[in-house]
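Here chain A shows up in two complexes: once beside chain B, once beside chain C.
What follows is the complex of A and B.
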């Protein structure tokens, strides 16, 4: 392999990593990460600094209505800003992962502040031990309300949380609806979580929403003896979660979901089996699992590149980040949340406790038109600094570019992405209609932008 | 058209009144003293109502509705709702969209209807939605729905500044979205979806060119413009069975007298134009309008408006509809109220099952998951 080819391989590998562990990055940032090296980049992504976000004051000043947000509509500008600008991409990506897996729908909760509290919870503990994540979400007032644990009492347990905890959050069921647990286990889990509820705290503002806090009411808790997944004791919710977290079914379920979210839409059995082992060896440490994913030969292989359909959030924020145009949190960033909604993903409001169905289901004829129109609009923003740098990058060569070189230069400028052979050859045809690309000609900028727009219109661009 | 359930298949036009339309000031109980007791600042009387019998009157901004009602083309569903009403906009709208009051579901009743009408997804415009983004009512796995802002500008790149080369770009994109025989990358499903989207966009963008009508829809009236778009698609005969549009916001917590009147004035004029248009096209018998809102509002006013309530009013319109009043007007006595709201007496899912079977000509049970008693709403 020549040095040039190997450098290019490094660049496209880093670009792949950042599309999966984040929302993609600009070509300039890829250079910076490549200089650090692949494994160092993985470590940096896995250890986002846990300080308070420096721009929170700015955000609150611009989005006054989203301070102590009442509804989802008031809350989403806050997350949209983070998704569009955060320099800790994996922190936001893992929050999105848990937001869809441990899904709380804003539709029922109707409490923007609580929804943002959850996203913050996922940022804070989302890369830690799975057992801890489950404990935290079980103490989360939004979740307690969403799945009716608020109405689960010692003498009348409500089974909703106990059931979803097992079925959708940890052990899962197979295609036939069977699981590694029984109906009795569901009932026992429900008993163990009686008394787990929340209570309002005083609102900071007149007429503001009430921030909620966890409240354990021991007088409403069933502390009788229970048998759960073969173990017997006077279990409380913490004990239930501890028992769940050591089950092989749980390890496999989480390995499977991480694989689908970070690696490919099509599951790979040996790799999921390997990750299940890693889960058990590391006591469900999500950071270790992701490290093991990102550093694996399987993840780095061509086999899984561009084999995941971008979710609307990935498409919207991934494309918008290329423009590098978000200086202040104004409508420009907050409207991005609406764009994802138009494409079928209402952030902070997953459609049900199952979260979103990922993969090809994202793309229907209505949403595809939205995706193409949005993405081609973004890369057509010639006044945005990020797009200007992309145009300059394509125009750096002093030589004339033949159609293939021109298309390749545009793909590189868009963040070292790639297309399938057929789409690429149609785009080369398109380029050849005008002849070789000459960066000195006045129409070169228009040609470049048009090629960017065509590239983001391809079916290939719907994958990350 | 094939016959189903003894009824001719028809097309359904849904108009969603978003935000919670105030039942009591739409169909006014103008002879009931309690109404005026509970609505000291918001009670409509005199010239502000159009009586339809000795109990109920339409809001005076609903003149065209009165005409349709008198022609026996309008069924008015009094006290429509569902058990254990929810007063959150989102959740309640969700319940109307999915027809599932007790569980949270991601599939809409009309999305499921679409997949029964066109199981192989052959027609990309079986359902056409006017508006951005898909209402959950239309969402269903594998169902493609065109969501149109404006027909003339529908499709790819229509909003791009400086896309001087749009035709060449479209040509290139069209060449890329050609399903290949083999699997591979990009997947066949994505390529087919793209093909359907582009074909659907071409069909819809061309629809206005085949449209010829002397009906003048008001320009500055968004719902009228949406209904005009629907009339244009209808005239193009693309095989569309379900149309969807929304009007609002009816969330009249304040300044209700002004805002509610304006919304109904717009809507009445829009429906009047649309029904003229439909009849000129000779489609009055094969078109049914269904108009609903996620909830009604509190019985008592709050001084300048009304807050979220439950129980509401809905409308079914068409030449094939058996006009009249359905259900009972709920009593307003304190002892008859539900936490300050009216009780419902007609489950909206009964209307859905009627619309599914007697209008769209499909089985209702797979969509609604249970059998509901149909209403005797449709003539033929």
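What follows is the complex of A and C.
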């Protein structure tokens, strides 16, 4: 491999990593990460600094209604800003992953403040041990309310949380609709979580919402002997989670879901088996699992690149980040959440406890038009600093570019993305009609932006 | 926390998207008749903004300046001031302008647009009126205080970005005292600064922290006719009072009781009243959550915009006992 080819490979690989571990990056950021090296970048992504964002005060000032967010609609400017600007992309990406897997929906909870608290929870613990994540979400007052655990009492357990904990949050069901657990295990889990609930808060209708708190009522907890997944004891919720976390079925379920979210829409059985082993060897350490994913030959291979349909959040925030136009919170940044909603993903309000169905289900004829219009509009923002830098990068690639070089330069400027042969051929035909690209000509900027817009309008751009 | 120089009086407000009540009130002003004007900001995308007018006894009168970009509408209102003729000036951070209403809420004029030139703004926030009727506006992303005539004609400006004495960092609220000195809530420098009417730095009050006399992002400042200084210590969820020689005298953390409107709401919604009783967070209900701005009356009422609790908490300052 020549030095130039190796450099292109490095750039392409870093770009791939950042599309999956984040929401994509600008070409300049790719250069910076490439200079650090691939594995160093993986480690940086895996170890975001746990601290309040330096601009949280600004966000609260400009979006005061988000401080005590009454509803999802009042809360989403907060997360939209983080998704559009965070320099800790994996922290936001893992929050999005858990937000869909351990889903709490605003449609029932209708408590924007608690929804933001849940996202913050995922930022804080989302890269840690799965057992701890499950404990934290089981103590999350929003989750307790969402799945009716405040109605689960010592003498009348409500099975909703116990059932979803096993079926949707940890062990899953098999192809035949069964699972590695029984109906009795569901009932036992429900007994173990009696007394786990959210503390009552005043109604939000006259003073706005109050922060929710977890409450354990020992007098309403069934402390009797229980048999769960073959083990017997006076189990509480923590014990149930501990038992769940060491099951092979749990390891496989989480490996499977991480694979679908970070690697490819089509599962790869050998790779999922390998990740299942990693889960068990590391006691379910999510950071270790992601490290194993990102550093694997499988993840780095061409086989999985551009094989995942972008979720609306990935499409919206990934494209918006290219513009680098968000230096201070404003209505433009807050409107990005609405764009994702128009494409079918209402952030902070997943449609059900199952979260969002990913993959090809994201795209239909209506959402595709929304996606194309949005992406085309974003890369057409010639006043945005990020777009200006992209234009300059194309312009300085060479004095005169033939159509193929011009298309490649535009693809590179957009973040080292790649297209299939068919799309590339159409774009080169279009470029050929105008002739070689000359950056000195006055129409060069317009021509470059037009090519950016054509690229993000291809079917290929819907993949990451 | 006991009150030495104040007594709690009462509270006006209820969370409401329109009509009677407020949604994240960020400013409160009294007109010449003692009517209470409250500026609701909410989030621009939620379109709950407006100016509400009510008596001090919670009689709702009318509202104006609702969401929009047409003349007479506001989008991201930040602050307001009322002149001696009871004209209301509202700053708007989205449209970068100032809209003027009469006391009935009818649109009179608006001026200003985005820019750095004199008379233009980049997110105008706090606004105050001096003894000559001129407006002093915190042009906060241009890091300056602009002085304009009531019709928007530029007169002068001062201010540079930084942390040194006299410099500003995302300033927000502003007040003019009896001597026409200018007080600015230097928000991101965690201090309040005093300037002469022509912008010469005089002194600074406060530093970063949680102790008495320290601030965490002060949003509003107000100076009463007897020289007492009030600071909305926004991120510390409290209001601090200082004597005219800058000595800390009181810290208010909120003492709200149910407003008349809240009581009426609970009376006709017994299930909500029961829900509230069951929660029993009565102490938490009293406290400020992001108090943003302060106003006073000549007879010693101190009105505080309790932004995230959608209400105005009102205290009575015991002047005979208190300050210089």
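As a working rule, the second predicted complex is superposed on the first by the 455 of 464 C-alpha atoms of A that agree within 3 Å, B and C clash if a C-alpha of one lies under 4 Å from a C-alpha of the other, contacts with A are read in each partner's own complex, and residues count from 1 in each chain.
Methods note: contacts are C-beta pairs under 8 Å (C-beta built on N, C-alpha and C of every residue); 3 or more make two chains touch, one makes a residue touch a chain.
Small disclaimer: the values here were computed from a predicted structure and weren't measured.
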Partner chain(s) touched by A:349 [first = chain B, second = chain C, both, neither]: first
First, second, both or neither for A:328, with chain B first and chain C second: second
Touched partner set for A:105, first chain B, second chain C, both or neither: first
Chain A residues touched - chain C or chain B, whichever exceeds: B
Chain B versus chain C as contact partner of A:368, first or second or both or neither: first
Partner chain in contact with A:422 - chain B first, chain C second, else both or neither: first
Chain C residues within the chain A interface of the complex: 14-15, 23-24, 26, 41-46, 48, 75-76, 93-94, 141, 170, 172, 187-188, 217, 219, 235, 261-262, 265-266, 269, 272, 275-276, 278-281, 284-285, 289-290, 292, 307-311
Residue ranges of chain A in contact with chain B within the complex: 72, 105-108, 110, 306-307, 309, 341-344, 349, 351-354, 357, 360-361, 363-370, 372-373, 376-377, 380, 420, 422-423, 426-427, 429-430, 433, 446, 450, 453-454, 457-460, 462-463
Contact footprint of chain A on chain B as seen in their complex: 88, 90-91, 94, 104-106, 124, 129, 132-134, 136, 139, 141-147, 155-165, 168-169, 172-173, 175-177, 180, 184-187, 189-191, 193-194, 196-197, 200-201
In the complex with chain C, residue positions of chain A that touch it: 57-58, 60-68, 70, 73-74, 77, 199-208, 210, 328, 330-331, 334-335, 338
